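Next up, some structures in structure tokens.
Look for subunit A in each of the two complexes below; its partner is subunit B in the first and subunit C in the second.
On to the complex of A and B.
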């Protein structure tokens, strides 16, 4: 046979391959359609609404208000403050914990890991409620601390920034520990052993070799925590007691109390822009697929 | 206590030098688990104030919960929404994961990103968007609306969990089945699916919990007869500390730990 005879066959195959690629893509269509109709279209509509002023025409007043009003400035400041502090505390607590897990034999690590997975799988509302009960004036923490003589008067541990941070750190910690543990497990022990062989003490081997290698995992985990914090609602609403107002809570107020869709949408759009901006900036620094565990 | 002086890692560090790390990790692990666990005995307290340990035990907060038709209706709604979300999100998510994995099309990558965006977009924005759309479509306070909205929140998890399983699965097995005459669907159902079933079950459980535990979307689009358990809990938390919530929390903890245990059991048998 000559090459000429094979050509129609090759064309056929290519067409068949194309058809199959499209057919397989088609399997995703129910999911894609649902996301498009239920999320993308409505959010797009909100984007449009955010540019409609009270007069009903195009206007930037919803965004202008954010720049002028001191109240809005404070809300954004609080949102960033809570997110930064939560992420910072999570790093301080989560790094040693993930390191501890990574040093354990696999079986022991799996058992200890349950202490991270159990809260991770438990309803966020239940955990927030638990902290509300524990931290209130006559709650367990105050009672025990006074009995032990740690402090004399019941402290205001909840309905303020302290309570919000305690609750948020508790909820966010698994989001930091899980990816960080994965990253630490992927670091070959050979590097640290090599450092030790070459005369590095435990401290030098850790800071000089292990820690730098674990940084991408730490970065990924912190990024997830920070971004999730930015849009947080339930925990600050319950444990903040009205003293900690974050962007998502202001959005709810704008709709539930004032029916002001324009203002709420503008806040939502800014929140989304900040979130996506941070994720985009981060994806330039590291492969986002690796963080989210998907992609091809 | 000789083990204290044995090397503890890849360097010459001993367990004794690491005691602080063990203590710190221990404290953090206790702090992670204790607050949730402590609610359970508290819910059996007889007093108006939640005590630990309770001085007198009673089931009064459970009776209170069971005697309130509103709470029971909300529980039924949450269970229904969770199950339906699971039944919708798992198949369409698995189909999407399979399709996007097999198709070598350049669009597949972008569709994957689109399908996991509900995880990255702040939930509050999705909630008010869905609310706005449902107001126009008269779908507010319907179970159908709630399930569709929860489905998009569950899809990213299904896609990621099942997608990861497909990546580690050897597709030559499916090709072998097809070259022996099985149709694509039959090859998937009889060869591929049994091998990724543990991940599919995990994904289904996650989808159920995503809906069952969801607060913000439910706050906007569920109400009246179709109010969810979490929505009612959240509303009563804003007012006062009702001990009935402790009994409901205990039930919710039992539901999620059951899901976790199931996932661990299924996940374990994979390796």
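On to the complex of A and C.
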């Protein structure tokens, strides 16, 4: 008399499931290891270094200096100012551009997109120095403008905030246009058609329906640009002419000039913390937006 | 919301070409005031293009469209004042249900209090009273459908357009909504142009059906006429199940396999014709054939059971195979049929319809 097995094969099935999970974990381990080695360890080490004072022991002096020194405050202020202005100008230029591309037939849009992407494949340094050539006192822009009578004296277009912003906007624009274009393409034409059918003229349909629906894409693009700007180095260094000092540049100075790894690390940690904070706030804001479903 | 004025639609010579292909080929169509007219056709037939031309989203190459006395072919969509229900509803995801339904009223600068009242009234009409604060993505498919409808009628348009509005719903809900849309139409009375590729839906809902193929109007008639008296082979083939038998016509005499037949309807002229046989119009004869019945002898080839009804495929003595459909009630002669049985089929003379072989094809 054998007992009837009420759950046939249950143990074997469970074991098979467990084996599969372990196999999956094994497959994921190279990726996990890579992230650990090239991301987590260096950031951890940076974090550790930032708490090492000049004496070689644990100290908060690197952070203390940031609070005391007015220079540091100014550097953070400049970093945010540049990032904010760059993002703003990118939105003003990029939104109409992405909108235009989104209206084109796919093939034409692909060609136009290429013109935006082409500079992407040129070295950042080359592009930045190209702006230097164009914008300097006797550069192309000033010479032509004076020849055309737009202005009489050469304008200071470079080695200052103006030059930095021109260069940064040029470099950042694709990062805004690409996600925004994707978001706009995903908006069904039926929404705008429905708005028109219900009595909305082109302007009303755009502001009432298309623009709100494109906001998540605009927000995502702006966030990418803003965060990339926070850590930017080459362009402000070359086009700012020493007048525009951002956090990344101060980090370089600390290391190259003062060999102060502790101070540099502390700056890096603070910048990282601010960036993460912004990303967190943004994600909360986005989710909040989804929960509310937008206003009306 | 009763007493809405409705307008007739007068379509004349509407043509739209894409390259060499005519999406619409000189279509003339009169939609009566207050009528529920369905544009029925296979995909790519031009039915949606015609609806989009009515809404103003497709610019025809030539032709005239009038809503009442008003020529609107040049009028932009936002000034046409027609309600439209889109295939995927096109509800604005960034607005609540009330936001969506109130949108056309806000555009028309209706006072706030009145908007609220009319939105609630429209939602009540589609049986969604109290759903105003819901988000669009919290609604089921059938509810979205109703909101889209409420949004399309809240500004009291005199013409309502619907582009396959039920195609995304499952079968049961679809059939339920068909009845509901039909009742709503009877209450509101606005001229309705409805696009579908589902012939059953068209037969269920319409006052009249316009069958469209290759951008041309194949037949415009009441559902019953479309089904019982198809004007050409395309209409007969597209709507309902059909088998065509080759017959000879000589004046008023029609012969099948050499024997004369009693025929209820035949087209004008003397072009080649075929006999249209619908499976459910065939009868299984057991004794004497009643008056007016044409008789066909044959042998059962296969029986397909489909629940409420079953199909018996019968090879006629003279060659072609026809299908016979009947109910599956137990104990009937049909229920006892088996493969290989010899049977006699009857076709009443009024169900014996001739259709022209020509016509209904490409130009």
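We take it that the second predicted complex is superposed on the first by the 274 of 296 C-alpha atoms of A that agree within 3 Å, B and C clash if a C-alpha of one lies under 4 Å from a C-alpha of the other, contacts with A are read in each partner's own complex, and residues count from 1 in each chain.
One rule holds in what follows: contacts are C-beta pairs under 8 Å (C-beta built on N, C-alpha and C of every residue); 3 or more make two chains touch, one makes a residue touch a chain.
On a predicted model such as this, the values are computed, not experimentally measured, just so you know.
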> Sharing subunit A, do subunit B and subunit C clash or fit in the superposition?
Replying inline: fit
> In the overlay of the two complexes, what angle sits at the CA centre of subunit A between those of subunit B and subunit C, given in steps of 10 degrees?
Replying inline: 90
> Looking at the overlay, does A:16 come into contact with subunit B only (first), subunit C only (second), both, or neither?
Replying inline: neither
> Taking the superposition as given, does A:69 touch the first partner, subunit B, the second, subunit C, both, or neither?
Replying inline: neither
>> Looking at A:140, would you say it contacts subunit B, subunit C, both, or neither? Reply first, second, both or neither.
In response: first
> When the two structures are overlaid on chain A, which partner does A:28 contact: first (subunit B), second (subunit C), both, or neither?
Replying inline: first
> Taking the superposed arrangement, what is the smallest distance in Å from a C-alpha atom of subunit B to one of subunit C?
Replying inline: 5
> Taking the two structures together, which residues of subunit A meet both subunit B and subunit C?
Replying inline: 193, 195-196, 200-201, 205, 293-294, 296
>> Which residues of subunit A touch subunit B once you look at their complex with the stated criterion?
In response: 20-28, 30-32, 34-36, 38-43, 45-46, 49, 93, 96-97, 99-101, 103, 112, 114-119, 121-134, 136, 138, 140, 170, 173-174, 189, 192-193, 195-196, 200-202, 205-206, 227, 230-231, 233-234, 237-238, 248, 251-252, 255, 261, 264-265, 268, 271-272, 275-276, 279, 292-296
>> Looking at the complex, which residues from subunit C come into contact with subunit A?
In response: 55-57, 76-84, 86-88, 90, 92-96, 98-99, 102-104, 107-108, 135-137, 151, 155
>> Touching residues of subunit B toward subunit A in the complex: what are they?
In response: 8-13, 17, 21-22, 24-25, 28-29, 31-33, 35-36, 38-39, 42, 49-50, 52, 92-93, 95-96, 98-105, 107-109, 111-126, 128-133, 148-149, 151-152, 155, 159-160, 163-164, 209, 212-213, 215-216, 219-220, 230, 233-234, 237-238, 241, 245-246, 249, 252-253, 256-257, 259-260, 263-264
> Can you list the subunit A residues touching subunit C in their complex?
Replying inline: 188, 190-191, 193-201, 204-205, 208-209, 212-213, 293-294, 296
